[in-house]
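Here it is: the structure, laid out below.
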Amino acid sequence: MSAATTLTRRPRGRFGDRLLHAYTWLIIVWLSSPIAVMILFGFNDKKSKSNTSWQGFTLRWYQQLFDISDLTTALKNSLTVAVASTLITVVIGTMLGLALGRHRFRGRGVTNFLVFAAISTPELVMGASLLSLFVSANLPRDALTIIIAHVLFSLSFVTVTVRARVITLDPSLEEAARDLGATAWGTFRQVTLPAVLPGVLSGGMLAFALSIDDYVVTSFVNGSTVTFPLWIIGSVKTGIPPQVNVMGTLIFGIGVLIAVANAVAARRRRT
Amino acid sequence: MSHLHDPAFLRGMTQPRTRREAFRIAGLSAAGLALAACGVQGQKAAPPKADAVKDYWSQQTKHGRVVFANWPEYMPEDQAPLKKFQSETGISYQYKEVIQENAEFFGKADPVLRAGQSLGYDIVVMTNGVQLQHMIQLGYCVALDHSKLPNFAANAGEAYKNRAYDPGSTYTIPYTSGVTGIAYNTKYVKDDITSIEALFDPKYKGRVGMMGDAQEIANFGMIALGVNPEKSTEADWKKAGEKLKAQRDAGIVRKYYDQSYIDAVSKGDIWVSMAWSGDVFQRQLAGEPVKFVVPEEGGTIWTDNMLIPKGAANPVDALMLMDFLYQPAVAAELDEFIQYVTPVPGVQDILKEKAAKATGEDKKALEQMVASPLMFPSEADYAKLHTYTTLSTQQEQVFNPIFQSITQA
Amino acid sequence: MKRLTPYLLALPSWMWLAVFLVVPMAAMASVSLQTGNAIDGFAMTFSFSNYADALGRYSTQLVRSLWYGGLATVAMLVIGYPVAYWIAFKGGSRKSVYLFLLLLPFFVSFVLRTISWGFLLADDGVVFGTLKGWGLLPADFHVLATTVAVVGGLTYNFLPFMILPIYVALERVDPRVVEAAYDLYASRTAAFRRVVLPLSLPGVFAGVLMTFVPATADPVNAQVLGGTGNTMIGNIIQTEYLTNLNYPTASALSFTLMAVLLIGIFIYARALGTENVLEAAAR
């Protein structure tokens, strides 16, 4: 990550930098603000089925977190699907991103078009047409078909992100490595991959977020496998149980912990 | 793609592809193209012949297992009624809360059932409405054997045995019912609302919630005009459409809601709204300032129905479970949790007895339930309640655009 | 071997896209030309009029969707670019942490986020209720059920998809290049306009592609946050498909939407001169 070094000299605009720093945090807070409500209502001592007005503090829902077995299963299903589909998507999407960004080949235009088409297909249409396909191929709907669908709609996002990175890379670096006697695989591992890594990581995060959040497509191809969003949507009709808020809180909490640990480790490395 | 229209090619593509099974990918593509070429087959079903029904059921046996697909929160969390069923009959159950919306559920089920495959469920619960009608018209439901439904015959209320959308309960029996009426927020609306005209009152401009569903909103438009929706004609629909359009153009309607209306009305985003009884009742129990009325001009009653989808693996076990839920004690246990209208009238007395024995908070809640017209409508209430219009396919193509052009402008 | 490389790289994705995207789309293309109804069945009649009918009935919603999608995309670009810029240049060793934090709310289900927004933005809720209490807002002020709410919702929900690709492109811009510009007495604005911005354009292009397209087709925000007269084309497709079982119209509308978006993106790429920009950046 040669370009990852920070500016050593800051000629002008320290104030501007501070302002941007504060702005970035403002955006992070804005994006997270609904999460605060979600966390709060995980502590709500609600009496009825609906959980929309504050009725006192309790830790009850944390104790009863896994009482609703279907909900627990749904969360597990979601995590399994998200991890599996993200891994597949990152691998094949990065490969495609490299091909599109770096190489000229027959079918490049068509491929670009398909990548675009996959993003622009309305989710409902994608879900319904995939279901027809699976049905006519007699493929049972379960976690596998969910993974297939999730790879399909997140593939383009990874590809486009990686491609945007690859396109701006200097091919002469790879040539240099080759000239210095590196093998094709060695060049890829030592030069290309580190250079595109930020794109791959970003794409991976997007794929994970898309997968764990998806409702429409999943609802068509899930068969009788229920994922987290599917379960929640279902319970909206009669009131979402606070355990859902607790699980959301835990997902968010674990995420924050990872981020903090990462930041601390980074600080250690620097000093 | 010209060869796709060669009949021989079509036949080749649509026949079972046993030899191609080895090439799954190839098979997938071929199947997709076949689907593209031959279009969607119509499957209009004729009414069942008594003999055929008898034949079907005589070939079925009890398997000792049943898969029940239902809406979320339609069963107590401990699943006590189902456990009781299991211990009494030895039939093991799987209970799945997989139905969230009729349209979406039908959208998923249609290709599977069309292809003659099984949904994997033995009992499915659907609201009377367009989708249930399609299920019946397309022959996706198994005709029920009423000789195996003694509890239903003995305990179901008369109104629940004869429903316009399924005469003679040929394919379905009710799971639970609810009433569509008007909810209002008592913090903002000080008068007692009694008339459907409140929904059209300029006084509440921008504070009225209507439902986005074509049937629901059409019913209220017609009731407001004094038309009985069950007996309505195309001319009535158009008039109702005009009334509803005027209501929208005057800025009275804030939004055409799905179930989210209940949050909106209890928070005060809207003050008056079309509403489903059970939603409002639950909010009342939670102490929120909402009130439900059946307008004096009338309201509608809808029913969530149990049915056995075509291709179900365990129809006999399914029928046994359906009938089991009609034991008054079981129905009472269910209704105490669901808090909508039970099809078993005897439940009211059972809950009354239970309330007499209970103490404290439980007693209060039970007494409230027993006294609630939202759970136990009186004769006078029922007299005001209409059911949805039953539409033919041709009528649907006229009906839907009239009302969708209002809700989806 | 070297000649084969791109094909080998693309092969797995090709297979995926061919089987799971192209085949179903071919099926959809065929359905879009059929007539009939769900009960009696549909038959292929090559009725291209399906397209004209669908467009005639729903042009309002289509145009509205493009307008909302465009507004939201511009908003995302304006809001997101500075964030991506700051993280890429000043994020230091914590860059990935910032990105992760930006995306974290999206790991929690959108249903929960939406419900929370409804709570926060309620007419008399914690935010507006308080402001109204202080007399800062008129009593009938509301955001929910308006165009602002829908466009705002789209902006919120797709913002990370704008920030990430821009960041990815900016991150490889060597800070020394920027410094060189300063050394050559370029002003801060000039350095940004002449050096940083052109280098980030591939990211901007990717970001716009990844936000404008799904935002325009999105049915959820209009349904949850909109009011009367905010219906988008995604909602129409949903109704035609699921409620009316009008598969031909739903398919025709989907293709029309995709075609319009494709043309839009193509014009945009031309206007931006993306290919040229990309070439320049690659050198």
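Order of writing sets the labels: A, B and C. Residues in every chain begin at 1.
In this text, a contact is a pair of C-beta atoms (placed from the backbone, for glycine too) under 8 Å apart; a residue touches a chain by one contact, two chains touch by 3 or more.
These figures come from a predicted structure and were not determined experimentally.
Asker: As a test of whether you follow the contact definition, which chain pair has the most C-beta contact pairs?
Answerer: The chain pair sharing the largest number of C-beta contacts is A-C.
Asker: Among the chains here, which has the CA centroid at the largest distance from chain A's centroid?
Answerer: When every chain centre is compared against chain A, the largest gap points to B.
Asker: So, what's the distance in Å between the C-alpha centres of chain C and chain A?
Answerer: Roughly 16 Å separates the two chain centres.
Asker: Give, as an integer number of Å, the spacing between the C-alpha centres of chain C and chain B.
Answerer: Each chain reduced to its C-alpha mean, chain B and chain C end up 35 Å apart.
Asker: Enumerate the residues of chain A that touch no fewer than two other chains.
Answerer: Residue numbers touching two or more other chains: 52, 128, 132-133, 233, 236.
Asker: Can you list the chain B residues in contact with two or more other chains?
Answerer: If we look for residues of chain B contacting two or more partner chains, we find 28, 32, 35, 104, 107, 260, 263, 267.
Asker: Can you pull out the residues of chain C that are in contact with at least two other chains?
Answerer: Counting only residues that touch two or more other chains, chain C contributes 23-24, 27-28, 115, 119, 241-242.
Asker: Mind pulling up the chain C residues that touch chain B in the complex?
Answerer: Those residues of chain C that touch chain B are 15, 18-19, 23-24, 26-31, 34, 36-44, 60-61, 115, 118-119, 122-125, 140, 142, 144-145, 223-224, 226-229, 231, 235-236, 239, 241-245, 247.
Asker: Any idea which chain C residues touch chain A in the complex?
Answerer: 1, 5-7, 9-10, 12-14, 16-17, 20-25, 27-28, 79-80, 82-83, 85-87, 89-90, 92-117, 119-120, 156, 159-161, 164-165, 167-169, 171-175, 178-179, 182, 188, 199, 202-203, 205-206, 209-210, 213-214, 217, 219, 234, 237-238, 241-242, 250-251, 254, 257-258, 261-262, 265, 278, 281-282
Asker: Quick one: which bits of chain A touch chain C in the complex? Just the residue numbers, please.
Answerer: Listed in rising order, the residues of chain A that touch chain C are 2-7, 9, 11-13, 16-17, 20-21, 23-24, 27-28, 30-38, 52, 91-93, 95-96, 98-100, 102-105, 107-108, 111, 113-126, 128-130, 132-133, 148-149, 151-152, 155-157, 159-161, 163-165, 167-171, 184, 195, 198-199, 201-203, 205-206, 208-209, 212-213, 215, 228-229, 232-233, 236, 240, 244-245, 248, 251-252, 255-256, 258-259, 262-263, 266-267, 269-270.
Asker: For chain B, which residues are in contact with chain A within the complex?
Answerer: 24, 27-28, 31-32, 34-35, 71-74, 77, 96-100, 104, 107-108, 111-112, 114-115, 117, 120-121, 259-260, 262-263, 266-267, 278, 282-283, 285-288
Asker: Taking the touch rule as given, give the residues of chain A at its contact with chain B in the complex, in rising order.
Answerer: For chain A paired with chain B, touching residues are 46-50, 52-53, 55, 67-68, 70, 128, 131-133, 135-139, 219-220, 223-224, 226, 230-231, 233-239.
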